[in-house]
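Working notes, beginning with the structure itself.
We call the chains A, B and C, going by the order they appear; numbering starts again at 1 in every chain.
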Amino acid sequence: MSFVTAYLSLIVLLPLAALVWKSADAGRTGFWDAVTDPQAVAALKLTLVVSVAVSLINAVFGTIVAWILVRDRFWGQGVVNAIIDLPFALPTIVAGLTLLALYGPNGPVGIDVAFSRAAVLVALLFVTLPFVIRTVQPVLLELDREMEEASASLGAGPLRTFRYIVFPNLFPAILSGVALAFARAVGEFGSIVLISGNLPFKTEVASVFIFGRIESGDPAGAAAVSVVILAISFAALLGIGALRRWRTRHDRV
Amino acid sequence: MSRWLLRVLGLSYLAVLLAAPVGLVFWRTFEHGFGPAWDAVTTPAAKHALYLTLLIAAIAVPANTIFGIVCALAIVRYRFRGKGIVNALVDLPLALSPVVVGLAYFLLYSRNGWFGGWLTDHGIQVVFALPAMVLVTIFVSLPFVVREVVPVLHEIGTEQEQAASTLGASPWQTFRKVTLPAIRWAVAYGVVLTTARALGEFGAVSVVSGHVVGKTETMTLHVEESYQAFDYTGAYAASFVLALIAISTLVLMSLFKPKEETR
Amino acid sequence: MAIVARSLTKHFGSFTALDDVSIEVPAGSLTALLGPSGSGKSTLLRVIAGLERPESGTVELDGVDVTKRPPQKRGVGFVFQHYAAFKHMTVRDNVAFGLKVRRRPRAEVRKRVDELLELVQIAGWADNYPAQLSGGQRQRMGLARALAVEPAVLLLDEPFGALDARVRKDLRAWLRRLHDEMHVTTIFVTHDQEEAMEIADQIVLMNRGRIEQVGGPRDLYEEPANEFVMSFVGPVNRFGESFVRPHDLELRIEPNGETTAGTIERVVHLGFEVRVELVLEDGRDLWAQVTRDEAEELELAPGGKVFVRPRRARVFQTT
């Protein structure tokens, strides 16, 4: 037990404490200045907007992919199921490189999104791909098919059944996946760093901005902005968690 | 009709985002032939990068495996205050940006950091050297073994262990002969995830490593370095090696995946 | 609504669930589909409901061929063994679901739901979620939900199978009373012969995808068509070539020319009934069922000698 606390303190707790401490290093004004720096604000805005967009896109497409993996049968299904995890297994920098190769200059399909905001979107879509799929799949597998049969016997067509019966039961799982995807997207670094070009005020995300601050010898500023994205992630996680609990209140007897 | 629509939507989404990019890495690596690719991947810098990557993983993975098993046991089998905090801390690495992680460690161990001063005075270099890189890798790959073992421990319950002790087994014997075999597939799956994460870490290592070519570069940093230096073949070749490792990871994941998640 | 099924056949992989099955269900009746697991009774019910498609054969509701129609368009109410409650909706919303699908006005829906909740006696739970109800209450909700849309046919798939014995008995009697009030053509599936015998007007006994016999409870008991029916519907002893019910075995202290000799092995007192386990001279085992008074009168005890005569026996042609 003490091993656990020692390990956790050394590896997780202490570094975090140092981070929060440093962000307060320059005092309240220093923190505020660092955080309201126009470049920082631009980076935070971009990060937030793209992360939200990515989360929503994942909610829709992730559910679709989970659906065809669970409810459909087609040739190669097992392989498709396995490669969903590729973004987990592939180093982010390699992901960035491959996306750049495909959708950048000299790309075979003629699409060039390098150094644009679309690049950030594509990179984040890649790394957050598995989250919603993997949270929805088990719920879909477990879903009581008889509820759908009951719905049919009561006169509801497939779309109505999906809307009133299936979707409400999937929604909590979708929310969980969205929470994970959002947290990941907000902090993502490696896959963005090559394809976005990191142009300040245009394609610079929060993590790249923080990196820049560290390299410029301003760790306090970096720490301040870090604390802001930490706070955003936590707020999002708490909010989504609360929404989830509210939607599953029927399960608690 | 709608079934085909869903299939087309889902599969094209995956093809655009997943299959095409990875296929391209393979192609680009060998675009100029096998020779140049091989050369690129056997330069001293590349070799050192591979060595460093494997070394870091060889330290981080066993550490997190042991911690993971012990922590899972503590969480499931013991009552103690602050369990919520332990759970939150274990899950934290999943929600944290790698750059922020690197920064936190930098603040602790750099020359002006909390511990850095003392350590440098005693001749121990942490940041811009191996120790910091190992530590951040441990941080980012911390949760996986714990999270895989906890549900399994919950599910198997304590009955078998109780039976063992009534039959005279000591706690260590019980652990070795009853508990460990029961959780071994969960541990295996967790180890695969941990290793994949450790090998693929980029952002945190980038912050604390100092990017000294041939000395403090891992494979992932080497990829970036090569690319920035316009050595595209080098970058793709190193990526190819990492992609191969990733695909083996996927295969292992499919093999060890907990049964509830597969059909 | 009368139901006619003709020559239904259905396979699941290599397993034959229905093998050329035909039945007729009179309008307003309460019919039981009875049989062991794998007999095809649930499949038959689901084919009638439209939840499964047969490979061949037809289903007619009141003379109209509905074989190709989906369940939405058949006007059947279906009650599931494990309730299939919409767990994310309140009890009230569950029951109202079919009416809302049909876009009925709010006031009408409210009124009808309240009536039904009263009828099935769960009015106090209207705003709770199914997870908060007991099994029996959930099943009554399932019934209310199915009845809400005034189906022409009510189909129940082992409706009480997931409930305790006591609750099962109460609910089965309650279902019969409900049927007597509402006169909706009802078919229910069960593997419990006691349940079928107790409440059904007509029993369809199935085995391995085929129908063994159709008839009222008395018909199946008194005039079984074959050995399977006889032994499924009640206890049976084999007596040479014939089959005898334990309560049709007469026990005497003295032989009378028609009897066979036997020794008593065990006497088990089950309240009013007494079960007497015997071994005949030729080594065969039997058991007889007598009343407590008879057992006292004959002074039956283990080891005692007794003479056995079947009062009624049935012989089946082996074709």
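Convention: a contact is a pair of C-beta atoms (placed from the backbone, for glycine too) under 8 Å apart; a residue touches a chain by one contact, two chains touch by 3 or more.
Please read all numbers here as calculations on a predicted model, not as lab measurements.
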* Asked: Can you name the chain that lies farthest from chain C, using the mean of each chain's Cα atoms as its centre?
  -> B
* Please find the two chains that have the most C-beta pairs touching each other. => A-B
* Asked: At what distance in angstrom does the C-alpha mean of chain C lie from that of chain A?
  -> 54
* **Centre-of-Cα separation between chain C and chain B, whole angstrom** => 58
* Asked: Taking each chain's centre as the mean of its CA atoms, how far is chain A from chain B in angstrom?
  -> 18
* To do: Going by the contact rule at the top, pick out the chain B residues touching chain A in the complex.
  => 2-3, 6-7, 9-11, 13-14, 17-22, 24-25, 28, 67, 70-71, 74, 78, 80, 86, 89-90, 92-108, 113-114, 135, 138-139, 142, 193, 196, 199-203, 206-207, 219-221, 223-224, 227, 235-236, 239, 242-243, 246-247, 249-251, 253-254, 260-263
* Structure fact -> Listed in rising order, the residues of chain A that touch chain C in the complex are 144, 146-147, 149-157, 160, 164-165, 168-169, 249-253
* **Residues on chain A engaged by chain B in the complex (per definition of touch)** => 1, 3-5, 7-8, 11-16, 18-19, 21-22, 61, 64-65, 67-68, 70, 72, 74, 78, 80-95, 97-99, 101-102, 108-109, 122, 125-126, 129, 134, 137-138, 141, 158, 180, 183-184, 186-190, 193-194, 206-208, 210-211, 214, 219, 222-223, 226, 229-230, 233-234, 237
* Touching residues on chain C, where the partner in the complex is chain A -> 49-51, 70-72, 76-78, 80, 82, 84-89, 97-98, 101-102, 129-132, 142, 145-146, 149
